[in-house]
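What follows is subunit A paired twice: with subunit B in the first complex and subunit C in the second.
For the complex of A and B:
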């Protein structure tokens, strides 16, 4: 049997998805028997040039993790799409933007200014900000520029499959890999490696089905009963609006789910689904009573859209006209702007 | 001016590059190490509740999420001015020590080890973990894998999972240790100590026993005389989870010893327009550019720095190893960058011993692991020693504990300026004078920064393969005259 050509790439990512692949352990050796890894910058020696030289469709499957934050991320996404028969969004960043897409609330200029000019302890009297191209005495040094918003992979190129999680559980990655190796892939657009249920279905805690609380508690404000549903004890838990697959690991550790596996099948907007699940739990209460309790939730956007802002109906906060008219942060002109308009 | 561009470097988070500029004589004039990635956590953490920060900021790095998790939890404790119960602190420290032991092992055995245990001059196809296992045997390979799995097990046992654990929150930890868990933790702790001793034996035999490596470690190409920083306990022993930050100058003299909340009096950060990572420096000396020595503000915060900044180790076996280290290297402080690997192994032993001590502590099974914070939140700073350097989280909140401002000085960032200098110095020593640039020579340039275990190279830990190097030599008109590239390492 001809070996598969496999590629792994990270764009704007933390490295956790790559660690999850590494956690495959002995399965990696099995993988090496049936697949050649033809591109994996974090572990292997191949370069962009090597990918550019490949025939279109040369790669059978690319696992792409990380969100699209810079023009370089977008460029590589286009390149790998062209070279890959099957493109898989691996993990929360590629699938739904993950935590870095909370950056869409304030935009890239705010991010650069806060880090480079305003962070306590940063001494930057001249207001220096990293530039797309900078002339040093010896020559020009270039950097990728930040896009005006963090996007999911699918918002940049067509995606065939998604593997949810921050990071995806390694067993689930192996399940997906097996589907790929045995050529038993489900219809395009499916999630790989996960069950068709919510985290609540995997959670061992007891539920009544009703929320009888006068206020919500933040996790540090209450020591919860270890046997009972956290949501019913007044702790926001994203379990009902989150796809199953992790095994409710955080809840087992007495901490509420924050939704890193994204919405369950058939749900587009995870935040709206969570709000819906919470409100539905208040059986027989009046709107005013429910509103009073909901008002005790601090940071609704960071709570309901912790991992999924880029892929939600919201996408981002409304951008100023000035920012929405251009693709990048206000750094000096980069060489990657054309890539952003493709 | 000729230019050598090393681009792309793989095994980085995102895309990294090195530009080396040669003067007309063909010697290295300057070198730049650029980090072209930026996600902007300082900005989008604003508006988030402080108790969520341990679960948000760990997404900075999926390789050392436990370090961010702990620094963040400590900062959040400080925001609420709450001291967690003693058992909670012990659980945090034990989990953290197990994490440090595992992280150090992955760096040494998977990333850096092949340079020493296989060698820079051999076929790069062999210079990786598979080549290493082929050379030293499957028994040792399995031992390394078991070590990594057991350290992961400790983190997951309390934190739910190994990548992005969830145990710590302001006022303590979410889960207590049961007697059954304790028994397993002790068993693992014993293994960690054995593995630490085994690794140091390997270092003595395979590295110190080899004249060529010994010479490299002691050579000027890999030497920088900088100040050193590290967290110390009350006895001035190395500690990873807690303590005061101690800074010693290039001669080893204490020049600062401060509590985390005072860090701004001692450290500032400089911005360059050609990279997304800032350059911290000691405020007392100021930013003097990319130079080492007594008058420069550049310091290092690495395993070697921590040993230099401390008076000793907190555990007996590691203390012995520490004494042996300084005897061998000719006294304190040690500035030889490659000796960082040795220091890392000593820390690995120390972290294992400390984790075992804590696992055996009768108090570790006390169910009292949480205190509910009651004071009005304001501002807090938390510092831990990440495997790669001093990690600072600084939060300012409103009266509801909602983040208003964040500052983060991440482990590797401390060493950014030193890494730039180390690349330049190794390149200067190894390239030029009409010498032909060989693959083995390039690997020796890489060894200059691999010693720092830079976090941009994090996720390489358990996989074979060599860092990609493509060296392009340009003439004065920036026309390509030659290109040399290292080939892939594990294709069959």
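For the complex of A and C:
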């Protein structure tokens, strides 16, 4: 049998998804028997021109992790789409924006300003902000520029499959890989590497079912009972509104589910679904009591949309203009100004 | 025709022995309850006075088998007006309890659980104002796992659980998400372009109205007149049924604002539904604010039982407020 050509790429990501692939361990040897890795910048030495020189459709499967934050990310997304038969969004960033897309709350200009000028420990008296192009005696230096929004992979190019998780559970990655290797893929557009229903289905904790809470605690404010449902102890747990697949890992560590496996089947806006589920457990028979409970929820966008902001109705409602890849205003004109497409 | 030999003289005593049924014999049959009853708006055949009267006569089988005893949703609008201080919803409950023991079943509709989809997360059991939902462990297609189970005798079909369920496992005929979304978008209403995007001359407002918050029948019957290209009114069984996902969808697809109309504090037909409705809207407003979007695009207003013809003014005022937003346009990042 002809070996598969496999590519792995990271865009705006933390590297956790690549680590999750490394965590396949011995399975990597099995993988090496059936597939050639033709591109994996995080782990092996490849250059973009290696990909550019490939024939269209040369790569059988690309696992693309990371959100689209810079014009370089967008450029490689277009490039890999062209060169790949199957494009898989691996992990929460590529699938739904994840933590990087929380940057959309205030936008990239705010982020740049914060990182380059305001952050404690930053010494930048001249207020230098990275520029797309800079003239030096030796020639022009260029850097990628931030787009004015962090987008999901699918908001930039068509995607065939998605594997959720931050990062995806390595066993689930292998399950998906097996489907790819054995050519037993479900219809395009499906999620790979997930289980049925939500995290609560895999959570072993005791749920009394009728307990409502008078206030919410942040994880550092309370040591929860490891046997009881976290929501019933006043800790916002995203389990009810999160697709199963992780095996309730965080919950085993006595931490609430934060929702990295994305919305359950049929739900578009994970944050709104979670909001509804959380409000349902409010104690209070008057406006004043309910307000008191509400006031204990800190950073609602970061709590309810921690992983899914870029792909949510909320984000789309904010973007009255079409989701665009225009660069942010703080960065000067230059060659990198326009979104590069191949 | 009522035949004397069909009357069961012990029935009244049976009801009076049941908790809540003690006061049935003090009823004068004045009909104030029927005149007040909000359920009659949807089913004119429902008449609390008549049920109490028939029960008093001893028409046991007729009362226990009637569909009407299940329709009272215990809003207690009649309780405050009854000159004899009869807690009619309690009497109804007493009659229902007897009916349940006799093997009669309520006609529905009820909240239904799709056990294939249900994760047993217990969100609905916390949401239900009537404790009508339990989390039980049972065998579903060969796997032993926890799922929600609705007690049909307690469910008063408010739809709060359908909104609360984060995985879409809960449904209730006529107020499912699909049904509501299709009512929101019927006739291409969402495609008419939005005011804030500069595509329309007047703001487009989506108004969710709790069906119990409008107390005047005449006003209720004239609600359709408020509908226009700019205003879309969608009735819900309770403001607690409002779904933030649908609100955000409407804002994404072309509505400039969403107004949620619910009952006044302490007057909710479904005890705590209005608190859920207003909490969701309040939290959503905080979220919009954090995102740098104007909070005014989503609003909760309450209507008291004495308010009449207030809705047109509320709609107009929200519309005016949205017009002000043009001066401070939606902040788009970058």
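Following the convention adopted for this analysis, the second predicted complex is superposed on the first by the 305 of 342 C-alpha atoms of A that agree within 3 Å, B and C clash if a C-alpha of one lies under 4 Å from a C-alpha of the other, contacts with A are read in each partner's own complex, and residues count from 1 in each chain.
Note that a contact is a pair of C-beta atoms (placed from the backbone, for glycine too) under 8 Å apart; a residue touches a chain by one contact, two chains touch by 3 or more.
Predicted model only: the values in this text are computed from it and were never measured.
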- Just subunit B (first), just subunit C (second), both, or neither: which does A:285 touch? second
Q) Once the shared chain is lined up, is A:112 touching subunit B (first), subunit C (second), both, or neither of them? A) first
Of the partners subunit B and subunit C, which touch A:304 in the superposed model: first, second, both, neither? second
For this session: May I ask you to decide whether A:240 touches subunit B, subunit C, both, or neither, giving the answer as first, second, both or neither?
Result: second
Quick one: is A:167 in contact with subunit B, with subunit C, with both, or with neither? Answer first, second, both or neither. first
**Message:** If we overlay the two complexes on their shared chain A, which of subunit B and subunit C does A:148 touch? Say first, second, both or neither.
**Reply:** second
Footprint intersection on subunit A (subunit B / subunit C) at 105-106, 108, 110, 299, 301
In the complex, subunit A touches subunit C at residues 104-110, 147-149, 197-201, 207-212, 229, 231-232, 239-241, 244, 264-269, 271-277, 279-282, 284-287, 290-291, 293-294, 297, 299-301, 304, 312-314, 316-321, 326-329
In the complex, the residues of subunit A that touch subunit B are 10-20, 22-23, 25, 28, 36, 40-49, 69-70, 72, 98-100, 102-103, 105-106, 108, 110-124, 128-131, 134, 136-139, 141, 143-144, 146, 166-167, 169, 218-223, 246, 249-250, 252-255, 258, 260, 298-299, 301-302, 306
Within their complex, subunit C touches subunit A through residues 117-127, 131, 134-135, 145-146, 160-161, 163-168, 196-197, 243-245, 247-249, 251-252, 265-266, 271-272, 275-276, 278-280, 282-284, 286-287, 290-293, 330, 332-334
Contacts from subunit B onto subunit A in the complex sit at residues 1, 3, 8, 10-15, 19, 21, 29-30, 32, 34, 36-40, 42-44, 46-49, 51-52, 55-56, 59-63, 65, 76, 80, 124, 145, 149, 152, 156, 158-167, 169-171, 174-175, 263-264, 267-276, 278, 287, 370, 372-373, 394, 396, 400-402, 405-409, 458-468, 470, 478, 485-491
